[in-house]
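Chains here go by letter, A, B, C and D, matching the order in which they are written, and residues are numbered from 1 within each.
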């Protein structure tokens, strides 16, 4: 046990390594160059870009379209990263470095969209709304991870729990013809799988990654098996009712934000409610303090009379509930039907979002949204007829995750006892 | 087997060219089968048709599923037995072919371009076995394989024309699963249909999601599993004003259907089979479907093996020979004026007659 | 008066070890009872039983003459028992108030934490027992001395009547220890009963009301500070006479081997932890760095040995600049390093002893020929070292995880000292070891020095630094306060400097005691 | 000394021999043969039993029979399960009756068909061996490589390209070259997250997951663009590889048994040798077991991670390469059924030891191969094999469950389970 040295001086050195300074400055100048050569010089003067600020299919909360002159906008968007890049090279931004790189990247993305949509229109609000929905399963998956890992249990089984949840949600929803009962089914299936994870990893202390892998393989096999055996031969078992949009009176009318957050799917509401609930529960309640203590230093918690095993069970089961809920989103909140492998790796991406968000609900949600946005922007650009091949465009969310992780986020602070079984002596 | 209860209906509705001839034995066979006493005899003599799906799986809402429906129809109508194996990966093709040859299948139906090599090799090694492959043709033709291909842009053309006529916003949309020819041919035909409408009527209907100039450009989900993605693509198209959408992406298209159903101000165009029948929950928004009658052609091939007329070669499904079709408008036929219907019929004739030439 | 706590016939068997053998113990109200015994004698085990962490195989526990069963820490807390553990049970990323209230939180509106209320209670306790802490500090940001106060407040917060201190002074300066003793006495005066575990005889004699000695799991005797002295206690503990002095001749040091100039090191949060340190170590001398743990020694050592990047300054070894050299390069230049944390840094626990003995040299001839490891040679090498350094292990292939702490340390010493070296960096080389092992390792270090090796010794044990070093550098808050000749200062003076003060009188009286003043 | 030295000295000698033979850490070897195999054997048995329950519980004829009578129900269960497992056995090992018939008839084709099931199981095992070694080597080096699937895709793409685009080379050069290209492609794909971990500390779990998706998209793009088969109109299928690049199959159809299996065994041996016999292996394992100690001992953690990821990726790339060169002969969409993910389970069941990986791969290959026949005969979806694999993995990983199920005694020496760390693990 190495003792951490005490802080000698509170003055911190926000020194960015010179190579990094140089590198980021060049990156920012390159961004400016790309906007200039790629967009500005290909734009006719006097064209307009129209951004529609109301998503389609919405009749409340309308907002006037936002029309901007394309060329001047693009020129401004060139100047911003250029100035940032120059300042970065000459002086450096210190603490604000990452933010400035982010700003430059935003200029690039916004410039791209503005340019692509020059002379026509693009529904910006729709894109945002889609991004939020695309972020939902990832964010819920990340929440699931936060809950369990904050108590020191690694949960890579989120994908499996989500897959099972989506299948059971569809099945039960179809049988009962009730989306809510279906959702309960999805949640229960997540709960059951997480119970297995808990028993294996907490009681039998088997390696948590192995335990998670067990559940992932089991779920993939079992859902495919049941799907082939029953759902495909009997469509009636695979057509649950769908949760539809529920506008929140008053709030739904707010332009732009209304459609995004207050006139949407029940799962979006649940995600935001969970964000607040988990954030508050973890950091402001007795229960959360104890849960985190178990994830940081289970022996210390034990000596204070906290039941480590029980707390971990609770956390893992809650994690399963949230993962099951996320699973339910696919069949009950999105498409109303199960097909094999339909979670398409969202659980793993959720896990990435959790790490990315530093094991915090708010961070996890941010990461989920970055992912959702990358995905939505990619589709939008393809739709506008982008020159980038769709396969390459589809890489965007993954590339962005990697770049952000590599460049702009420090090493995460995983809970200290994450992944370690607790051995009571 | 998908959509079991509904399976019979389309069989009645499909006026496949040679179908009436076959329907005779239908009535008799089941009657003979009923008595349990004959079980051993039936088991020995039962005619076995085996399908190997590509990696999309039997419930792909696309060619695997449609071809299997042909076999299912044959099971009910001709009293044959059917089996299938779902490929998990490319290496399974050859293995499954061997397994079915071992099993003594009378006809092996494989699905998709990607099984082409393996099917050809198996056919060469087993000249006495009969094969058929969906969505692939051999050049030169192989003696014991029937390749079934489809000039799908013909029926998609009709769909495009209809869509252009129906749209109120002047914008229609499409997206695909992957930018591959069997997918993009739908999108291409669709766009050409819309363009033809514009040409004839002097309108300016726009198609989002596909670029005639460059078949690799366009809107694709890059996945045949992720229905949520399909949903968001449809939403995105609707946001940009599209009110008729044709998803060419297997089950991912059902995600789009869900989105359209929710918005309620756009229409869906199904692909491969008549979605009004295979996905009845979206019947109210299904304008029509670009049908690729792989079930009918597969059924034909089974029949030909049964009655000993099987010869290798390629069948090209076209509007002319009934291998392609535009599905009825069902609940939405009100949207189609008699005039428009007449135009569609005319266009179909023109295509058959070669007056309208697709690229 | 009946004792507040009574243990009768407590027995605990671990696989192969009888850790507690029918131990009887009685504790009176308001009394400080010292529990004394060498490493592995069974003290911690006994206390863990009392605290509900272990279950005894036999024996009963009475509190106020009432027999109770303690199945868990909760039971112990309910019975009014509290414990300051040998390794602090604090959560670094939690604040002081969170750490203290954990398990007995102040809440409002059902389950919401009421940090303000808890802070108020903490400040009251802090006032009453003179234990100043800031409730809102993160524990990872406060010095160990304060951390210990937090541990004590944790017990008082739970209204513990019986307080157990397991080796509480191991991480404290003598002054801090004295402060702790004051606190203990005041606690006892206010009616708390204390069990105090330590290896340090001086402390026992100073603070205890009564002394109990345990050896090999059994009580070997009881005495009081008035009746006993250091030698009698040591003999009781170990069962033989022990020499407590290191024999060492004065030597004239040779050339500078290691030179540190203006070294600046930061932690991962960019806080400065080593603040412009300059120091020379010459051939044939031991320079000891005294200081309370957590004053930058760890980071200083890591920077010297290449394990940590320095933010400024320069380190040279035999005239070569090694400021930015890799650990391997530094090792190859002829330096050796006994790390502070043997299990985390020094050993790969699941690997066999033999592999651990070549951890720094396996890639060189003769242990590797080309890419292929020469296991036969590695094994012979291991057997020789096991013999030479008297490492008690069943075989060279036993995983080091199965060795006792002392023997694990010997594996490291053997590995590091068996190479030809000019410089030895020894961090806490005897941490947690018993007298016998300490004796041995000290002998080896002095032997290395006598062979002409430059030795830099870092240890929070003032005695160790005083006895081994030729010169002593006192480190405080990342700076070297002074470098002094070990012959010319008293322990008290160094102890005082460890708290950041320069003892004025002593230094005025004899200016040449300060070899170098660096501030 | 609290223990008798003599006993241990003896044990030490025995262990020394074992180290020389298997190179594993001695503690894992301190078990008798039975206790070493009891757990896996019983785990497999239990997996089969639970699979049988699943077969029976989802069979409509069983329910019908139970409606008839209880005895009939039991009989039907027995028949159903027996038929299914007989198919599993004959489909993966062979049908004794068929073998003797075929031998009697002397017909080449029949004989080949009769012996095919067993050999086909080995064919199925081959990519598992490579992928399993990739994961195992990662774990041994302190890395959790979830990116084997993506590395496999890139490896396959590289092998394919070299396989068809280069012409005129003799077999002896072309085949190894294509295979190595696969390894190299995988190595590159593994190296990137390794390098990122080494330089930025970016977690390899996230990065390898991301690299998987990027690899899928990239290969799709290549297959329908630069690498598409001429005349296919942009179908995602590559040209057939040259004959000179093919890894030869030993027999004629339907037997696909090929040289790749022996290459896999050779590579497994090589990995074992590398890990346990060379200084590089010791380096990797040290970093894997205790990165702090490794750093202290002068090893470069970052370099070790990057190298380990590259080697792991190379092994994964070989899995892709061998499938292309020996079995598929061209690359197309749907290349892998998830070898990269299955191999995580596989490596863990095999205790991250090359020998364990080989044996488990053969088990997995056998199960998958048999499942085909089971589907053909009983129409049981092949996915049941996944369920059984999960259950076997669970029981292998938690021997305590098996022990309590079968009332086995607890071993004296705590078994060393495979090394896998949580997220924090392996970071310096």
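The rule we apply is simple: a contact is a pair of C-beta atoms (placed from the backbone, for glycine too) under 8 Å apart; a residue touches a chain by one contact, two chains touch by 3 or more.
No experiment lies behind these values; they were computed from the predicted model shown.
Student: Any chance you could check whether A-D or A-C wins on number of contacting C-beta pairs?
Tutor: Looking at A-D and A-C side by side, A-D shows more C-beta contacts.
Student: Could you grab the centroid distance between subunit A and subunit D? Build each centroid from C-alpha atoms only and quote it in angstrom.
Tutor: One centre to the other, that is 32 Å.
Student: Distance between subunit B and subunit C based on Cα centroids, please, to the nearest Å.
Tutor: Roughly 76 Å, centre to centre.
Student: Using Cα averages as centroids, what's the distance between subunit A and subunit C in whole Å?
Tutor: Using C-alpha averages as centres, the distance is 45 Å.
Student: Indicate the whole-number Å distance between the mean C-alpha point of subunit B and the mean C-alpha point of subunit D.
Tutor: That pair's centroid distance is 37 Å.
Student: Taking each residue of subunit D in turn, which ones touch at least two of the other chains?
Tutor: 217, 220, 224-225, 338, 381
Student: Where in subunit B do residues touch two or more of the other chains?
Tutor: Counting only residues that touch two or more other chains, subunit B contributes 86, 179, 216, 222.
Student: Quick one: which residues in subunit A touch 2 or more of the other chains?
Tutor: As it turns out, subunit A has residues touching two or more other chains at 228, 389, 391, 394, 411, 416.
Student: Between which chains is there touch?
Tutor: Final set of chain pairs in contact is A-B, A-C, A-D, B-D, C-D.
Student: Residue numbers of subunit A touching subunit C in their complex, please.
Tutor: Residues 1-15, 284-287, 289-290, 292-293, 296-297, 299-306, 411, 413, 416, 425.
Student: Write out the stretch or stretches of subunit A touching subunit D in their complex.
Tutor: For subunit A paired with subunit D, touching residues are 149, 154, 200, 204, 206-211, 213-218, 220-222, 224-226, 228-229, 345, 348-349, 351-352, 355-356, 389, 391-392, 394-395, 398-399, 401-402, 405-407, 410-412, 414, 416, 418-420.
Student: Quick one: which bits of subunit D touch subunit A in the complex? Just the residue numbers, please.
Tutor: On the subunit D side, the touching residues are 54, 58, 144, 146, 196, 199-203, 205-207, 209-214, 217-218, 220-221, 224-225, 338, 341-342, 344-345, 348, 381, 383-391, 393-394, 397-398, 400-401, 417-418, 420-425, 427.
Student: Given the complex with subunit B, which residues does subunit A contribute to the contact?
Tutor: Those in contact with subunit B are residues 52, 55-57, 121-123, 125-127, 129-130, 133-134, 137, 227-228, 231-236, 239, 242, 244-245, 330, 334-337, 339-342, 344, 375-376, 379-380, 382-383, 385-387, 389-391, 394.
Student: If you look only at subunit C, which of its residues touch subunit A in the complex?
Tutor: Those residues of subunit C that touch subunit A are 48, 51, 53-54, 72-74, 77, 83, 85, 87, 89-94, 98, 101-105, 107, 111-113, 140-144, 154, 171, 266-273, 275, 293-299, 311, 340-341, 344-345, 477-479.
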